[in-house]
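Naming follows writing order (A, B, C and D), and every chain is counted from residue 1.
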Amino acid sequence: MEYILSWLIWLPVVGMVAIAFIPREKEDLIKQAAAVTTGVQFFLTLVLWNNFDSQDGSMQFKEWAEWIPSFNISYHLGVDGLSLPMVILTGMLFFIGVFVSWNIKKAVKGYFALFLLLNTGVMGVFLSLDFFLFYIFWEVMLLPMYFLIGMWGGPQREYAAIKFFLYTLFGSVLMLVGILGLYFSCGKTFDILELTRVAPEALGGLMWWGMSAIKVIWVLLFIGFAIKVPVFPFHTWLPLAHVEAPTAISVLLAGILLKLGVYGIIRVNYGLMPDGVYWFSYALALLGLINVIWGGLCALAQTDLKKLVAYSSVNHMGYSLIGMAAIVAAGEANGANIKAAQAGMGGAVFQMFNHGTISAMLFILVGVIYERAHHREIEGFGGLASQMPVYTGITAVAFFAGLGLPGLSGFISEAMCFIGAFPVYKTIVIASTIGILLNAAYFLWAFQRIFFGELNEKYNDLPEINRLELFTVVPLLIITLFFGIYPAPYLDIISSTMDTIIEHVVDMATYASM
Amino acid sequence: MMEHIFIHYSLFILFLPLVAFVIQIFFGKRLPREGDWVSIGAISITLVLAINMFVQMLLDYDSDFSVEASFVWLDMGAFNIRLGFLVDNITIIMLLVVALISTCTHIFSTQYLKGDIRYSRYFGYLGLFTFSMNGIVLANNLMSMYMFWELVGVSSYLLIGHWFEKDSAANASKKAFLTNRVGDIGFFIGIMLIYSAVGSFAFTDVFDGVASGVIAGTTLTLAGVGLFMGAMGKSSQFPLHIWLPDAMEGPTPVSALMHAATMVAAGVYLSVRIFPILTPDALLVVAYVGGFTAIFAASIAITQTDIKKVLAYSTVSQLGYMILAVGTGVYTAAFFHLLTHAMFKANLFYGSGSVIHSMHHALHEKHDHETDPQDMRNMGGFKDKMPITYWSMLLSTMAIAGVPLFSGFLSKDAILAGTLSFAMHHPEHFLLPLFGFGAALMTAFYMFRMMFLTFHGEPKMPELIDDIHESPKEMTGPIVLLGALSLFIWYTLPYFNPMSTHGWFTDLVVPKDAVVPGNLSANEIEEGAHHAHYLAMYISIAVATLGILLSWATYIKKAVSADQWSARSGFLYNWSLNKYYFDENYDRYIYQPTLRLADKVAWIDWELYDKYFINGFGRLTNWASKITGKFDYDVIDQLLVDGTGRISNLIGRKFKSIQTGKLQNYVLYVAAGVIILMVIQSF
Amino acid sequence: MAEILFWFIASLTVLSAAMVVLNNQLLYSAIALLFTLFGVAGLYIYLWADFIAGVQLLVYIGGINVLIIFGIMLTNRISSVRLSQTNIQQGFGGVIALWLLIIISLVISKTPWYQVTSAEPSSTVREVGTLLMTKYLLPFEAISILLLGALIGAALLSREAS
Amino acid sequence: MDQLNNYLFIAAILFSLGVFGVMTRRNGIAVLMGVELILNAANLNFIAFSRFGGMNLDGHIFGLIVIVLAAAEAAVALAIVINIYNNLNTINVDEASMMKE
């Protein structure tokens, strides 16, 4: 148990090295190796969950080792209720991702090696508590993603990959500047826990070029994270990257990588700059609203099913942003409404997880139909419900989960986000409820066009979803259903940590005007 | 209170249909008879349990009976949600209604959908619906009510779209869901308004909170109107009424169960539940929406020729009545009407289903697939061919028209009395009773029009009449049962006065005081209604008679020509026939603009913002790099660097001979270099 | 006696080393190298390094030197071609080497070396073994992997081009 | 014989001879022999410093490592020489001067 976090991070690298030694012709062996690696990692995440103390809102399983002492950089890992669900999600989706990629034909060896490298990067970001380490893992993620999209993607893959790369790089450069700003103004440390302690005071009142340092750093870091979320107007890489990426990569992109943005904002921006939270929360809610409406409208207009699902991600992450903004409800100025803050933060974090499972499911399902029909034009289908009843049923559940049907997990988190933000941002929340209508509209309309009506003659021998595909999608379905009916296990994990974060933000903020 | 036996019953009633749903979805196709017996068995058990509860309630005869049980569903510390059951007399009655109609529908469907390709799925969805509906009925808090509310919407979506090969069915199902969602948004905003003030979802806490004044005034009005918007969506009130007529694309038993008796009544049920927190302003909104819907839908029903459309608009109109009753304060009357309406309207739908069924078979015999089996213009003279259907439908028609001795008379009378008394207290709202009585007149007219066109007169398609048969007993059974339940006697026991609603219902469902400070108390409302009772009764008997007579004169005696009248009324007739062009206008002013907006937004996002703005950065960088590249090459590279290079080249050529490529020369130079360095160092 | 033997060994080492680099007959050079290695092993014994001396004998003389001789045999047709070789740039090289020697000698003689007198251990094998298994375990492992790699690499390099 | 400088001088001579060999010999194997001389010189220094530096056995370890390295190096170098011989039919290093331009 002692080094379990390190194991989680480095296990994929071991798998990658192992794959490097397998001759490229033995494709099955490579796939099996990847499956075993990710499977073991997934199992370890479950072990971690089992040993996790959900009553403790602070960091657990901490590991610390000196790394570059001259710059005060250390190898510092830890997990809390915010990162644990994401770690489990990562383990699960990468495991499933291997099976989604089972039919990859081109350069199998390279694909799975990069796949596992990506895994290490993602795990590392979620677990590292040193900013420098965090940044390194953040960049480690970027490279395999670039190649995975650029080499195994669709027709426009190079364009999509380079766009993704530049967009994200732009964000991470700003982030790096922010990190350095923090480093030099907060006692030359990269340790996130240490920064969380000292930054609120060290930054208070600090002025740079006539601007408050908090604002500057907040904005720098926020843009870095916002590109990943993606927050309007930094979202346009997403549809393209999603559409061009191979199915498994879309799954991971939507399922995990988008969560890094929200995770980063909560972990870093909220932890280090409580005053910034108060300053920015209105904008956060507003951006959430724009995400919801804009994403919803764009999704409504799409003719490509995968692009629709991609825009639905923009829409869904908007709810998360709105929920996050609710943390200010706990402040004195807003009546110390702890209830609302808990609901909003819990909803935002729950929404991350739910969107992870639901969008993963949606992308897998899009992949299934694409593999059979070789196109994704919504108008090009029709009447598939009578041809593929099982597939239709599963897609129906996934779509209903996407449009926030009670009984499926998406509803609870969306409702919590709204309930949390409502006392503080009534207008924004009321306006964004239009989003749930748009949600329903674009999902149902697409569903009708694909599955209802007379069966398109072209597709009267389309095979039903097969066992491998069922194996990838059914677990997600079960999770969605389970948390939709009984969300308590998830909320148990996060609630202590959410309390810690809320308390921290409320207590550490100076409420000085900036 | 958790131990109360009713809670256990409720658990079974709630979850048995769900179990049936799960079994049907996963194993239905493989079971004998496609597993309809599983669903019927499950639903029958719930019916038995519901009857048991109902009998218990009658035996106890306690108007204050209420048990509650809840559990923590979601807990984050301060923020937590408890879900649970609230069982009181209203719940028990409603459970019985749902279980009864649902059982009838299940049995009816075994014949109506015989041989359907998705037979087992259909029964599964019925189970899902019954589960969700029971969930709404049993909810003790707004949150679980909202959740089941949406689930009901989904089961309705699935059932309306049962024959999804037809585009009209697929469209109707989507329309139903989306229109309901509009209402649900209001519902959810209402919930949030209340929760942010009260901090709890449970009805009891909400009532306490409102009573203590933590939420009042405009906010409370808005919250009430928000919650009522949910009811508007589900109960298909103007202007969200558009989905219900289209929902008739679903199988007729479904229309009977959901779109007549139970699901659409959920809105009324919600209004009844939240009645205590509605402020006078909110109530006024409710009353006007209900009243207008009642007369508006009735005026459409008059001209419809599709038998199910007539019934659909009639349902909208009757729901408007109930909402009107809630708005005018006599909410128990609304619930009473819900109860009676559930019985007779379900029966009317069964009857129409029976007619359509045999029309369908007759047309099938003739290999005629063009003629619409639901169009009343193709019917007529079925009375002798389908006597059971005819007679029991007649009972229900009497009930809905408000003929004394029938159940509808009692409940309608109670509503009209409440409305009248409200208008007496507030003369400025004289429109409300006018809406009520106008609608009553039209109801009597169009319902008998439907009966006459279908069952009386000469057959319009004589070639069919030989093939028209009475439906099998699985279908006639429910029809007879519910026809019988249209009689007044069942609702007034243990009393036998056909002119008074007094009976077990009024004894057990007693109006409670509103908790909003300053509202009229239940007693005051009761008093007023009581005073208006006889006046209302006379008027309503008069308008019902008038309506029936008019109808008789037009369609039996032909003393009045319907065609002439319709020609003479000009645009009014066209408006009514075309449902006041609501669908067209919504399409033109809401759907299309939204889609265009979406296209526009997507275009801006993709073609403009991304291609020009974001990629503009790329192009800018590209351009800048070209400029710098040119500068780099022409100036720095060619002039400076290459200049240096040329000089170096010159020097290099001189030293070229040193570069022998022989390793050992290099070693030698290295060693020499070391020595030179050492010598220099030593100085 | 020991003193005389020491000087004998020292001169043997130096002289045979000179033979190695100066002799034109390749095979003689190899034999001379053998003597040099022997001499160095002898010096190790004077330095109380019995184990290293043994390793020197085993590895250098038993292994490397034999390997070199094999190399010579393999790359020269022993019967037909003369087994000699020629030197290049001897003059320049000699000057450089001499200068190196002079400078190093100066350094050696000018530097006040830090010295500690200590008792002669009975055997160093145990200590060396212990050190290898404890303090120097990682280098030990690394060097063994290196050796393995070198072996494989050598085998790969010298096989017939396919 | 109990003088550190004696050993150092011997090592210095060996080293110089080795360098001389590496610089001047044309035959690859002979160059290799020069390298071996240099290595031995270094090793002698290690052991000598160990002996006069308090009998610290770290030097011995380094000596061992150097010997092993020498073995590895000899193996690879000879393999290369044989390879060159196979390809160019000579092992004179100055003839294998493809590095030149």
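Following the convention adopted for this analysis, a contact is a pair of C-beta atoms (placed from the backbone, for glycine too) under 8 Å apart; a residue touches a chain by one contact, two chains touch by 3 or more.
Source: prediction; values computed, not measured.
Counting C-beta pairs in contact across C-D and across A-B shows that the higher total falls to C-D.
Rounded to a whole number, the gap between the C-alpha centres of chain C and chain D is 6 angstrom. Centre-to-centre, using mean CA coordinates, chain A is 34 Å away from chain B.
For the pair chain B and chain D, the distance between mean C-alpha positions equals 92 Å.
Centre-to-centre separation of chain A and chain C, using mean CA positions: 62 Å. Counting partners per residue, chain C has 88-89, 93, 96-97, 100 as the residues that reach two or more other chains.
Within chain A, no positions touching two or more other chains are listed. Taken residue by residue, chain D touches two or more other chains at 19, 23-25, 94, whereas all remaining positions touch fewer. Taken pair by pair, the chains that touch are A-B, B-C, B-D, C-D. Contacts from chain B toward chain C in the complex involve residues 662, 664-665, 668, 671-672, 674-675, 678-679.
Within the complex formed with chain D, the chain B residues making contact are 659-664, 667-668, 671. Those residues of chain D that touch chain C in the shared complex are 1, 4-10, 12-21, 23-27, 29-30, 32-34, 36-37, 40, 43-44, 47-48, 50-55, 57-58, 60-61, 63-65, 67-76, 78-83, 85-87, 91-92, 94. By the touch criterion stated above, chain C contacts chain B in their complex at residues 88-89, 92-93, 96-97, 99-100, 103. On chain B, the positions that touch chain A within their shared complex are 25, 72-79, 117, 143, 146-151, 154, 157, 161, 164-165, 167, 169-171, 173-174, 177-178, 181-182, 184-185, 188-189, 191-193, 195-196, 199, 594-595, 597-599, 601-603, 605-606, 609-610, 614, 618.
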